[in-house]
């Protein structure tokens, strides 16, 4: 996966056939190299339909998810494995390159304590099994550290790198997100530096999840660090606006953080592309 | 309240007589103009003892709190009022200048939906009553917006300003926190600009709640904006390290974000003071 | 003068009738509120023609200049006054609002020593006379501090404010430039804070004089400070590319700092406008 | 050369025996790993005395210079070579590691035009000869690009890298300076990224040449980029205050940019060291 992509939740929260059609049609209006599809409910996705749309649009894809509470890897490893296998089958069926995201747990999973060794062991075993399953399907498996409020399992780049070392699977990679890095890393670049061996995908998301370029993220530092490590992976813009209640709750977005999807695309995407060009990450 | 102060949780999480003695003794080792005392359990505080220690040290104080779930203002206004009256009595008894913080709710309070008018009305009525109660004690009452994960009631400076307008009490003020602003504001200065009429207190807290100067907060922009509005209130450094489990849970800090209190004081305080001098906020 | 404008040197270095026609035609292609016209050689300007073009385009204008060596105010006050009177006459004749820039000296004027009291006195007397002359024409007179290499007379905002105090003319104002501030001020906002009483015009110029948004200027801090002081003056984008040798020499630009005028307008102007919107300086 | 060092002009502008004694005595008061000695007039330096002082203090050293007008490499290559051979002999005699700085020309050298091929050829031939001469002495030879006002020959990192490629000498390296990068590079990190193959030395100098940490340089981006490329060279703090007239003229510093050498050392050095630690460039 390379170049600029976008998380399709900007246009469709549910990946129904209608949602898929709308999102892919919208994505084609912009200079995008790939899309990310949220597999919140893998069985409900019509893989053949999505595959057809993606091939027609010549758009590569990545899928992503967070686990539902009944399948959190830290406490329900068997259920996590079953859920992830389904998601990987669907990912392969739609012709995507990888499954990524909070594949190790739930968005909002917190015990009120630091992660225990037992929890981390469960996560590692789930990932080990799942990575192997993904490999047999020709897929890569990504893990995305998220901020302290969304999980207690993995908040920083170096924690994700530790987990990859623990698992030892060759087809695993790290997926960072600038929104979370802005909270968790001691300087935006540190997340990138700590994961340079494994970083293949990054969410470019503003500090309030609104329009990239209009927040507190230090984009100069972020793009400088990406350029410095020779990053060639996917740059996925992500913004959450006008969310339905069930999603807003998980992400805790209580107000519109952008005026519209058009604002995100027309202001945010050129801003990010110009920064990528400024630091030599993509050609002019 | 003016000059540089510190949130005493750096040295003492519980404001017992031992905690008070330790915290005030530590604070006196540094060039500080005031301290902030967390009133997590107002009845347990020995006000006369604290007052004696503060007077002996010639240290002004501010108290702060978040409401326990059984007294959240949005849903249990009567209980909130009772709790806040106790806290104000104690604040007056120890000789502090104001009670501030998340006085409108709980740290971690979220319904999964945006705040309703009914919730905001309850909050406004609690604050109206409480501000009057504070006024009779000669105290000021502050409200601190915190990030989306810690409350759904009030996340930004402009929401706090709206609430003050709604309440209409003269002895209320806004208390910002750079850690929360880094997540919620569209540029660090915007929180300051949106609250300039009411801003009297600010927590200077790094993006990961670690050592100020070693994170993603844009301190130049923050101090420039404070200088620009002619801010003359209290600058309270805040850092949370090595928290006991019950507090770590509320704040979701799962790993040490600083090596020690000494690191916070020896690296963070000079950094912040020099920035304040650079932008003319305090004299050389 | 208010809103967004542009220094027309982007399209025409010499303000001949051809240059004027080209520059104004280009300016009209973009959402601009005014233009700045360099009066490098006042007698050569066809004022009636420029006035006609400006009125037809409904474009307000500002003129600007640096003094030629034979008329440096610090050492040749009489010649400076004569030159500036000509420039003001021309400014009035074309219907512009003000004359501004390095009206106190030459771009490249340096004695190798700090400015002497005698030099500053000469400058002050020239400005006093010139401001009165401008007033009789209904014009404002601006002074622009520039970096240490371009003059030894006035490098910072506070030095410009000191000069205004020394002169005491009501129709004088300060004109800052972000390119120079990036070199001279202790934090980009400080130039703005130090001149808030007199600031009516600002050059938005990137750190290398290339495309705004693709350099080292801290635009968040700059726009935050402008918003904080309630700036309502002119925001003039300035970029120097592909300069003719005689100008390149004065400004010391030895290589193209942008690909084209189109890049400056299509990437730089939207970047600056979005930053101005982000900080509430202009409406959405 | 590695770790933190300092340009000794902070304490002594002339490297007389008195200047050397003062500067080395001052340097020893701080946690410094090396010093930089300006060889403005090589024949006047008592090499044996300096060597003795350095060995006693166990302080490694680097020498640096700019060429006098009668020996500018672009136009007087033979004279440049003679001057540089003298400087290298002296550098070897005092036991320093390298000669660096504006060894290719004068500080203030400008023709008013971009560098010609003939000028660059002369520079390249001088450097080729000089690098070989240095090699025979066991020395490295550095080149420092400086801003457009101080030379027209070489302003950016990529121009320095081009020159090294042109010369093809193995013992040459690039020496950057954050003060110049802040003016010339399209983002502070770009100078570092463009020179990563050859970068062995960097001046950490604030945007106004005052106290590091109190200006417009983006230190987060700078240290992030240094860490990202695995920089292990010398970090030399540089600040120019209270200069004698002849030096102030070359550097165009017309006012004190810091209160004192103590302020530079006590505020600037800890700031820079903490940033280096934050990004993992030096150990805690």
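By written order: A, B, C and D. Residues from 1 in each chain.
Note that in this section a contact is a pair of C-beta atoms (placed from the backbone, for glycine too) under 8 Å apart; a residue touches a chain by one contact, two chains touch by 3 or more.
These numbers come from a predicted model, not from an experiment.
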Other chains in touch with both chain C and chain D: A, B
Chain centre separation (chain A, chain D; CA means) in Å: 44
Chain B-chain D separation of Cα centroids, rounded to whole Å: 46
Distance between chain centroids, defined by C-alpha means - chain A, chain B (Å): 34
Chain A: positions in contact with at least two other chains: 186-188, 214, 218, 278
Category of the chain touch graph - line, ring, star, complete, other: complete
Contact footprint of chain A on chain D as seen in their complex: 186-190, 192-193, 196, 218, 220-221, 223-225, 227-229, 278-280
Chain C - residues contacting chain D, complex: 110, 112-115, 147-150, 152, 155-156, 181-188, 207-208, 210, 214-218, 245, 248-249, 252-255
Contact footprint of chain B on chain D as seen in their complex: 213-214, 259, 267, 270-271, 274, 277-278, 284
